[in-house]
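Here come two complexes built around subunit A, the first alongside subunit B, the second alongside subunit C.
Up next is the complex of A and B:
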């Protein structure tokens, strides 16, 4: 479950290959192993998972998508996306080093 | 690509289009064919057999004796007819897997990738020929839902291809970089 207090980062050994011309990125999870396609929005969420807290992640996502999305809408999307990425072993909760 | 550059690229993409909520999909298997290696053209020198095409299929038990009898009577003629087309294609025979013998593999060889298309075109234009009729009869025994086709290329022709192709193929790059 997504928490605005927890910190999120990409999992170890993850292989990310952006394909900007298609607006997507491919992610390979060697531990599973599986290959995933992330659309631009999911790719943005992943890129923002750099160890920051969930709250900061939502803020950054909302900022990029304003005025198309309100903060509440951004929270809803980030919550689902992070949960999905976490279930697939693409992101994980990490200790706060800040 | 640094994280900062990547983020800048994503921001440009996000700001430039209609918003679509995040989605993370398992890559469908059909992408394999988009990310595979394509052998170079022309084939390497001294290549006799460059490409082998393998059909793998089952024949119903009730049809086995009839099928094997057909091959016994007509296989030599199919070999000769294909050779007579002189297109760099050859029928190498149909083999049954022991012990049950209902699984079969038919092998074709081609001297070049172009020969595959030339052979297909020749068959399409000769539907009344003996070679077309012979092959049509052969495939009539195939139990369609189980049929598989495999394309094998001379491995030596692929020397150095991974290094070259991964520069433009993110999927191949991903796999080639794994270990």
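Up next is the complex of A and C:
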């Protein structure tokens, strides 16, 4: 369950291969091991998962996509993306080091 | 519009042309002892490092039989946690211990060649009695070790009547998917073509009548799924030749990685660029809608028509009356000269 108070970061040893010419990003999770293809939305969320809190994640996502997306819409998309990325072992909750 | 990679994220590496079997359908004309031209262990490990440094994310390792190389575990250990690692094997050298080691190395998926639903068919095609049981056992070992495993079958006259039984077998062994592959006129297969090949209609009927069990994925590339994969194709032979796709092994050579960096062949070999551009004479709308590519497989198009932009006769809408049971005589010449780096 996505929380705006929790902090999110990429998992260890992840390999990320952006393919901007096709609007996708490949992610290899060596621990599993699996290869995933992220769309631009999930790719942006992944890029923003640098240890910041969920609330800041939504703010940054909304800012990137403004004015097409409201903050509420951004919250909905980030919630879905983070849940999916967590299930795949691509991002995880981390302790707040800020 | 043809999809396009600025640089390839995935590659196929054939690490040997050696094998312990005598398959009728062998595309590599494999031998028991390696050629002195095969890439050494150090060369392969260095090439894997090159791939990682250049942002590749997946490697598909095949042969020959990869496990027939004594250094195969070392190769797997080197790439398993750096690249999504896929392996194609016939599995006859697999043990439970080896499967568990592959899992520890980080192998992500294994494709096991099983050429029929029964021992009689499979062993006839591999030329070695007892191999059906070994290949099936390999699937069980790999599944038990927790590795995603698929089974592959090259559809031909000997096994076409048992495809549904094959799908049931794959399901019972714990395979995730079964891949039904077309027969390519390469290696030993082309010299036994009249024994093995099916007409286009026979192939279409076999695919149309498949009844896969619930929960088993089926991969196949007949209409409307005949893709032109060249746009993303990157492959290197056991001798270091960059050839785009393993099914082009007898037709092209874009340069050797001992002499030029692999990505130089990707960026600069004219034939490689031309094939990736996907310019073809004719395309099937159904296959185009499904695959977003045009013209179907370039290997079989070139094999039967001798032109890189020809339609693929394995697609029923592009067949144009080509009898797939009869090979053009030029393919049966000894040592056909592959096109050079300039595409000449």
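Rule of thumb we're sticking to: the second predicted complex is superposed on the first by the 98 of 98 C-alpha atoms of A that agree within 3 Å, B and C clash if a C-alpha of one lies under 4 Å from a C-alpha of the other, contacts with A are read in each partner's own complex, and residues count from 1 in each chain.
FYI, a residue touches a chain if its C-beta (ideal position, glycine included) is under 8 Å from a C-beta of that chain, and two chains touch if they have at least 3 such contacts.
The shown structure was predicted, so the numbers you read here are calculated from the model rather than taken from an experiment.
K.L.:
After aligning the two structures on subunit A, examine subunit B and subunit C and state clash or fit.
P.N.:
Aligned on subunit A, subunit B and subunit C clash with each other.
K.L.:
Touch check for A:21: first (subunit B), second (subunit C), both, or neither?
P.N.:
second
K.L.:
Does the superposition put A:68 against subunit B (first), subunit C (second), both, or neither?
P.N.:
first
K.L.:
Please work out whether A:30 is in contact with subunit B alone, subunit C alone, both, or neither, and reply first, second, both or neither.
P.N.:
So A:30 meets both subunit B and subunit C here.
K.L.:
Is A:59 touching the first partner subunit B, the second partner subunit C, both, or neither of them?
P.N.:
neither
K.L.:
Touching A:40, do we find subunit B (first), subunit C (second), both, or neither?
P.N.:
After superposing on A, A:40 lies in contact with subunit B but is clear of subunit C.
K.L.:
Regarding the shared-chain residue A:86, is it in contact with subunit B (first), subunit C (second), both, or neither?
P.N.:
So A:86 meets neither subunit B nor subunit C here.
K.L.:
Which of the two, subunit B or subunit C, is in touch with more residues of subunit A?
P.N.:
B
K.L.:
Considering only the stretches 93-101, 147-155 or 219-227 of subunit C, report the one that runs into subunit B.
P.N.:
147-155
K.L.:
So which positions on subunit A get touched by both subunit B and subunit C?
P.N.:
On subunit A, the overlap between the subunit B and subunit C contacts is residues 15, 17, 19, 26, 28, 30, 34-35.
K.L.:
Taking the complex as given, what residues does subunit A use to touch subunit C?
P.N.:
13, 15, 17, 19, 21-22, 26, 28, 30, 32-35
K.L.:
Flag every residue of subunit C that touches subunit A in the complex, lowest number first.
P.N.:
3-6, 9, 55-58, 80-85, 106-108
K.L.:
Which of the residues in subunit B come into contact with subunit A in the complex?
P.N.:
Listed in rising order, the residues are 1, 3, 6-7, 9-11, 13-15, 17, 19-27, 170-171, 173-175, 177-178.
K.L.:
Show me the residue ranges of subunit A that touch subunit B in the complex, using the header's touch definition.
P.N.:
Contact set of subunit A toward subunit B: 15, 17-20, 23, 26-28, 30, 34-45, 47-48, 50, 64-65, 68-69, 77-78, 80-81, 84-85, 88, 90.
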